[in-house]
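Structures incoming, each one as structure tokens.
In the two complexes below, chain A is the common chain; its partner is chain B in one and chain C in the other.
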Partner chain A sequence: MKLDPAFIWTAFVQLLSVIPTTLLITAVSVLGGFLIGTGIALLRLYRVPVLSQIAAGYVTFIRGTPMITHLLLIYFGLPAIVDAVSESLGSSFRSVSIPYLAFALIAFTITASAYMSEVVRSGLLAVNRGQLEAAYSIGMTTPQALRRIVFPQALAASLPNLSNSLIGMLHGSTLAFTVSVVEIMAKAQIVASTNWKFFEAYLAAALIFWGLTVLIEQLASRIERRINVYNRGGVA
Partner chain B sequence: MIQLSRITKAFGRHEVLKGIDLTVGKGEVVAILGPSGSGKTTLLRCINFLEKPSGGTVAIGDFKADGKHPSKKEIHALRLKSAMVFQHYNLFRHKTALENVMEGLVVVRKIPKEQARAKSISVLEKVGLGSKIDAYPSQLSGGQQQRVGIARALALEPEVILFDEPTSALDPELVGEVLEVIRRIAKEGITMIVVTHEMGFARDVANRVVFMDEGLVIEEGDPKEIFARPKEERTKQFLKRITPEASYSI
Partner chain C sequence: MPGAKFDIAYVFDYFPKLLSTLGLTLTIVGWSILLGLGFGFLVALPRLYKVPILQRVSQVYVSFFRGTPILIQLFLIYYGLPELLKLVHADVTRTPVLVFVVLTYSLHAGAYLSEMIRAGVTAVDRGQVEAAYSVGMSGFQAFVRIVLPQAFAISLPVFANLVIATLKDTSLAFSLGVMEMTGKAQTLITLSQHFVETYIALAVIYFVISFALEKVFLLLERRLLKHDRRETDSGKRFGWRRAPSLRGLLAKTARAQEGRSRA
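Right, the complex of A and B next:
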């Protein structure tokens, strides 16, 4: 095999066109996962009867099964449910009109939500109980205290973990490939197989992922510096 | 006026408060003394329901709440009428001194921002921190943090300020500046209930001292009277231990 450096560049340029797909999958799953995860974390922290047990079960099942399994279960299971529901409602909507991308978004949001719930929970646990008491003592309601006092500090405390999860989901988004979503790795394979230059194409894909990851790292450290002005460093 | 009647509190099987009655008049400064574990802090925290009493009633002004089954609304109303200064300051870590003081005014009292800001600055000046309004708690000394804590409570103009061992976590050389601020606001006629180990402060500033032990009020009355001539044996023992100069002969 001979390396074709020029083809790395050709592949690289072609791969750029599908970056938005990868970013969309990552952003939707991380944001959706963060919201659902926050809900799960609150249910568990406040030990809401029944719901907190369900939430705990959900987290252990999702974290106990691979991401690709979630994707395949949603891909093969959801259409049956959707069709049954829409039929019973007399709707003409059928699952075939659901785009492939939607399955990936739903499945990865579920994956992310389980991991995010633990990230958020650790952030919330890092906030001193005295902060909440002080908020109550000046007359805040629980929603006010959570929104204005607890969440901002919890978010700051969980930033390193959040960027970790974000990077994990960025790389995990490549699994969408298995349900025919053309993201970076799928595109790399298409580019490669039409030219029989797999190594070059995958190398280009690697460079793109690395570049995106570096961007996330930079962004995270900038936000961390801004959000943490009030901290005088943990143990250092 | 604050009226606590038959307040009880149990943590599991352990009875911390065994039926406390306490009335504090408007403008009165009441110091609660007693050995650790006597329930002073728990009693104070029952007043604004940071701790839910197991029984009894709490009344501030004409507002009364049932200790055992308070509604959310009742708890909220009591908290609007009181403010607390904590042993460990509990300043909002992500907010500056000014924002700490403004927070309650803007979010809870819904006072327009500019007005709240002006008021907060003037209260911070009053506690001697006019030059530190933009500092975060982590940039302040313990004494300064506690003064911000006092300003945060003071700005709300509550009917009563609850002090939970406000100087216990401070370095000895910083205790004075905090006591000085409390002394000054006591003179302004603000109703205060102070749980403290500072006997000198209790003697000089309080109108009344309440001595607690094992979840009961053992003795209460005029500070000069109690410090000079305690009636109860347990008060005598406690005062002897805490003011050792009387028990040593050199």
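Right, the complex of A and C next:
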């Protein structure tokens, strides 16, 4: 077998059609993870009794296990729970009607939420406490101070981590092929299964992921420059 | 629900069965990190010493291996390398899959490790090298005796993260048919159909190992940074104070409000 450059192009074009699926998985898991992660981070920062310990345990456990175990546990465990609940409620809803994609989205959101909570926590901790004190001193309430003063600065501080997490989740989305979601990885296998040219297909997939990653990196550095404008000049 | 009815006894039943393949998982991790350190150094040095063309090559290498998912790299090397080696008339059809897996993980880890090495070496104070030169060390001596130990201590947290990440990444080796822990879990499932129990046991094992690794690295870090801490404890160093943290302030205001509401 010789390398077939023409097939790389064919595979590349066919893979383009499933990029939206990959991006959807990435976007949903990162956004959902960011929201839940912010909640977890606030629970831990404010040291809410009981809840903050649970949150810490959750984060440690999720970060200590591979992403694929979360996906498989959700995929095989959740239907039983859903069926049991809907049966006890007398509803006719059954887990069979849940699309595969939903399992991937739920599992990856759980994964992302643990990593994101650490990103958000470190970002919030990076904000100088004088900022909060100053906000209080001019009469802001805590929610106001958090929303107007702390969060924007924390976002700027955690932007590099955020883009790293985004890239991590983009790469993690390839795992969705194990639960029959057709994203780039699965599509590459499908495309290659017709003529056994796996190497060419995976090369095309790798090129797409590489391109997406570089794009995200470029965007992140643009946004970072823009968002840190306030920090420019002066004496500090 | 697919598979058999949930039975917690299977979780305990499967622990020893899964643990029997723990050795293979750790072998993959160990070799990958070891070889990855080699690749990492090879790739980091041209960029540290700004070697003209090689610098560019290592940049592309790092960008590629950090810019594509490990799963795709696994398949790419598994399918691509034999073809590539056929060009130089080397037959690798009888090579075990494990070799390809370890090679992929070490190339992947090598990209991250090279960035770690680069960051660690740049983080060492420039005066350290100058001081080493001033007592008559050669460039090599200064690098090995002065820069490297310090760089290692600085980059240990990153290294720990990387080892743990590699451990978790090895769970993907089953997709090429390697019988490590996740692969073993898959075979146990095909036998018994106890999906959830098996994956719970699997997750717990991964968790315990990564937790233990984290603690070990934390101890090592404390040991390696001993010289640094003593200095800061006695307050000799100027201007190295912990940045005032939001957490402390939040906790304090929370306490104050609590006290107020009680009064």
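In this section, the second predicted complex is superposed on the first by the 231 of 236 C-alpha atoms of A that agree within 3 Å, B and C clash if a C-alpha of one lies under 4 Å from a C-alpha of the other, contacts with A are read in each partner's own complex, and residues count from 1 in each chain.
As a convention for this text, a contact is a pair of C-beta atoms (placed from the backbone, for glycine too) under 8 Å apart; a residue touches a chain by one contact, two chains touch by 3 or more.
Keep in mind it's a predicted model, so treat the numbers as computed, not measured.
*Asks:* Which partner chains sit in contact with A:5 here, chain B, chain C, both or neither? Use first/second/both/neither.
*Replies:* Touch partners of A:5: none, neither chain B nor chain C.
*Asks:* Could you look at A:229 and tell me whether it touches chain B, chain C, both or neither (first, second, both, neither)?
*Replies:* first
*Asks:* Tell me which partner A:144 touches in the superposition: chain B (first), chain C (second), both or neither.
*Replies:* In the superposition, A:144 touches chain B alone.
*Asks:* Between chain B (first) and chain C (second), which, if any, makes contact with A:133: first, second, both or neither?
*Replies:* The answer is both, since A:133 touches chain B and chain C.
*Asks:* Chain B or chain C: which reaches more residues on chain A?
*Replies:* The partner with more contacted residues on chain A is C.
*Asks:* Scan A:152 for contacts with chain B and chain C and give back first, second, both or neither.
*Replies:* Touch status of A:152: first partner only.
*Asks:* Does chain B (first) or chain C (second) touch A:47, or do both, or does neither?
*Replies:* second
*Asks:* Which parts of chain A are touched by chain B and by chain C alike?
*Replies:* Of chain A, residues 128, 130, 133, 136 contact chain B in one complex and chain C in the other.
*Asks:* Taking the touch rule as given, give the residues of chain C at its contact with chain A in the complex, in rising order.
*Replies:* Residue list for chain C touching chain A: 1-3, 6, 63-64, 66-73, 75-76, 79-80, 83, 164, 168-169, 171-172, 182, 195-196, 199-200, 202-203, 206-207, 210-211, 214, 243-251, 253-254.
*Asks:* Flag every residue of chain B that touches chain A in the complex, lowest number first.
*Replies:* For this pair, the touching residues of chain B are 48, 50, 76, 79-80, 82-84, 86, 88, 90-95, 103-104, 107-109, 136-139, 152-153, 156, 162.
*Asks:* Tell me, which parts of chain A touch chain C in their complex?
*Replies:* 1, 3, 45-47, 60-61, 63-70, 72-73, 76-77, 79-80, 83, 95, 124-130, 132-133, 136, 142, 150, 167, 170-172, 174-175, 185, 188, 198-199, 202-203, 205-206, 209-210, 213-214
*Asks:* Quick one: which bits of chain A touch chain B in the complex? Just the residue numbers, please.
*Replies:* Its residues touching chain B are 128, 130-131, 133-141, 144, 148-149, 152-153, 156, 229-232.
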